[in-house]
Amino acid sequence: MGIENQLTGDNILVTSLNKLVNWSRSNSVWPCTFGLACCALEMIATSLASFDISRFGSEVFRPSPRQSDLLIVAGTVSKKMAPMVKRVYDQMADPKWVIAMGACASCGGTFQSYAVLQGVDQIIPVDVYLPGCPPRPEALLAGLMKIQEKIRTENLNQRPDFKPGERYETQVPKVELIR
Amino acid sequence: MAEGKTITLNMGPHHPATHGVLRVEVELDGEIIVKATPYIGYLHRGIEKLAESKNYQQAIPLSDRLDYASASANNMGYCTAVEKLMGIEVPKRAQYLRVIMAELARIMGHHLWIGTHALDIGAMTVIFYAFRDREMIMDINEEIAGYRLTPTFFRIGGVAADTTPDFIKKVREFVKWFPKALQGYHTLLTENKIWTTRTMGIGPISAKDAINAGLTGPSLRGSGVAYDIRKAFPYSSYDDFDFKIPVGEKGDVYDRYLVRMEEFAQSIKIIDQAIENLPEGPVAIDSPWITNPDLVSVQTDISELARRFVLHTKGPVGPDKEVYHAVEGAKGELGFYLVGDGTEHPFRMKVRSPCFYLASALPRLLVGHMIADAIAIIGSIDVVLGEIDR
Amino acid sequence: MVSATIDNREISVPEGTTILEAAQKAGIDIPTLCHHKRLPPIGSCNMCIVEINGNTKPVNSCNSPVEEGMKVATDTKALHEQRVVNLKKILKHHALDCPICDKAGECDLQDVVYRLGVTDAPFEPRENPRIAEYSTSLIRYWPERCILCQRCVTACNAIKGIGAIDIKSDGDDGQIVVVDADKCKSCGECLFVCPTGALTENLSRYKGRPWLENRVETTCTYCGCGCQLQLKVMDNRVIGVTTDVDRGVNQGSLCVKGRFGYEFIGDENRLTTPLIKENGEFREASWDEALDLTAQKFSSIKEESGPDSIAGLTSAKCTNEENYLFQKFMRAVIGTNNVDHCARL
């Protein structure tokens, strides 16, 4: 059925480290349990039986930011909440991605008011914006697939968390050699 | 109380069991809570202020986003309040459709409550079944309003559209199916030993205390007070339907659980009566100052075209007076206090949100219990932060 | 002063005040289409009808003065029915093009229709469609939208005293015609008072809807009059100019430049940096460089040929303070009296 059927006998798989890492990262994007407002309900619906986000390897919602890769900003970010959102993002370990779910997180949406942050991208970098108020679960899945697409095309040493001069310095030439 | 120092523990605003962005600061003596202070405002969006800058019709979507777990029930509150202000009587068919939507929303809100409440206490299975049935309501919402979670199906003077054959079919299917599903929830929880141990005798509040704290809705009825605005001050044809107000005895988490479980059944009963006795007639009043003309006449009649433009650019005008109108939302008495000033915008809109009073009762509910029971108590009063902070 | 009763409200107004003005002063709103604050009474729309002393024959309130002891009713059932009949007569041939009409959203006709709650006025096309006779490069006349209220003609005669347009009144077939094409200066007074979208401006057509625009209050920069403008701004671009009847020295009037000369504001060809001409070609330069060069050239000319070889000419777009500073600069720094202003030319 899968790749294992092709591997009868002694075989060797050749790929680049880039592809291997991106492949494994893209299929295990663990979101952070982080609901703010209405969109959180659609996020919960996405993770449950009807829409089943586990088809994409993302069913493991972690309550702790330390264990998650994806921050789904699901809902209105008020100015009082903004420091907490920033802190949750900062606590997440690299590599990490952000989905601004819904109109409020993307641009303030219908709440053009004194109390609401007009788009979460004012405090943290956003990878995918989802329109809708709230977006349908299908839209969230489409956003997740966009994230996966983005991860698969990433170059390891061009990620924002890549810090040249440390251990990578010696490893990067080896990657080039294998390729 | 044991000797020694207390420690202060912060729960939230990012906590998986606080149902949103509620923050509770608890002071612990060992595992016992000696003091609890809820902090709110993390979802303050300025809905009341925004409503002052929008016209009466435009503010309906804002009301959806108050208690987003049961959006149509808020529409009911807002629209009936504006209609009371303007002195409008809604056609019977629209009233019945509103009742159906509001009761479906109540079930939706209770679905979210039972799913997350059980999940917090450790019974994970329930949320899967609850959301399976919740999706059926979402489909019904989508069928008639085009939107799943926040349908905004209500309008000042009626509802947005007439029923479709599929809508009626889907509602009937749901009414037929849901009692079985409800029996399933009962099987999973009601006599479950772990569930009863975690909920019985936890967070009790006496009827007198509950009234003094301003509790309404299932949390008040759990303490044995049979107060339901649908019965006490019937609105939108609720006096046409035959239903009971379930009440508890002790007012603990388990009683509140039983009350809400019985409300599921009563809501289904109301929906069943409404869909079977749906009257014929228009679904909105025909007033040139409030409702939109139909799209066919707009293309042939200049006065209808002009009226449509004015309604869309300026909006219906409210009189210069003030009203308070409350409905029974999924969480309790949801009241809207509107001050009109003779323009298209309300001068002031104040929302009397049931969740605010529920959250303010947290200190007296939590004190004396174990920290693990705090999760059960917060789950059982079923707060939605969109409504507390507004 | 005369005293009267309007809708059971006691009022006391100076002699000669019309019933409409008195009612407006008392906060009673009578619907009108042809009455305009700046214009003399026209009396063409028959919307402002009122009943006096219970008399069943209504009179136009815009041109009837208040008399001592009058009892006026402005909103009875009979009046409402009569108004609806009159309005339906106007609506009968009014084009069904609100969706593309620039006026939709701030249209007096729409407001009156909404207010009277007319819901049945089917459109009948004209047998002989009107032909637009009046139009300039800046103003467009839409004959099918015209309700023949005569506000434009009155404004052209009474405010501007030009008399370029008139009504060819032939019952239902009446329309606006040009009396003397050379007289029209495209001042746009007619356009400003038009209660419907029958006269629209060509420059801002289809650029934005009234309810989407921001109105920014400002002062016209073209000359020293200081007319008050309201710029219609959408997406940070100026898409039109209007004004307010109660504001400033102009009280709602504007000239052709103030009303239509706004496109330079967002023009691509506007200079954003100083240019210095070198070897016959302009190059972009910084302000410091340009000012240094100018100062140096002025000093050398003054040294070579004396201060009177330099003359200064300022623009009317500058403020008084800037003009004062400029003449001070010419007199004190350069040392010449050769200073003039374009408004004197």
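Think of it as A, B and C in the order they're written, each chain with its own count starting at 1.
Rule of thumb we're sticking to: contacts are C-beta pairs under 8 Å (C-beta built on N, C-alpha and C of every residue); 3 or more make two chains touch, one makes a residue touch a chain.
Because the structure is predicted, anything quoted here is derived from the model rather than measured.
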item: Longest centre-to-centre distance from subunit B, chain (CA-based); value: C
item: Innermost chain, where centres are averages of C-alpha coordinates; value: B
item: Between subunit C and subunit B, distance of the C-alpha-averaged centres to the nearest whole Å; value: 51
item: Separation of subunit A from subunit B, taking each centre as the mean of its C-alpha atoms, in whole Å; value: 32
item: Distance from subunit C to subunit A - Cα centre to Cα centre, in angstrom; value: 55
item: Interfacial residue positions of subunit B with respect to subunit C in the complex; value: 286-289, 293, 299-311, 313-314
item: In the complex, subunit A residues that touch subunit B; value: 33-38, 40-42, 44-45, 48-50, 63, 75-76, 78, 80-81, 84, 88, 110-116, 133-134, 136
item: Touching residues on subunit B, where the partner in the complex is subunit A; value: 13-16, 20-21, 41-47, 49-50, 61-62, 65, 68-69, 112, 115-116, 127-128, 131-132, 134-135, 138, 148-150, 385-386, 389
item: Complex interface listing, subunit C residues touching subunit B; value: 87-88, 91, 94-96, 98-99, 104-107, 109-111, 113-114, 117-123, 209-211
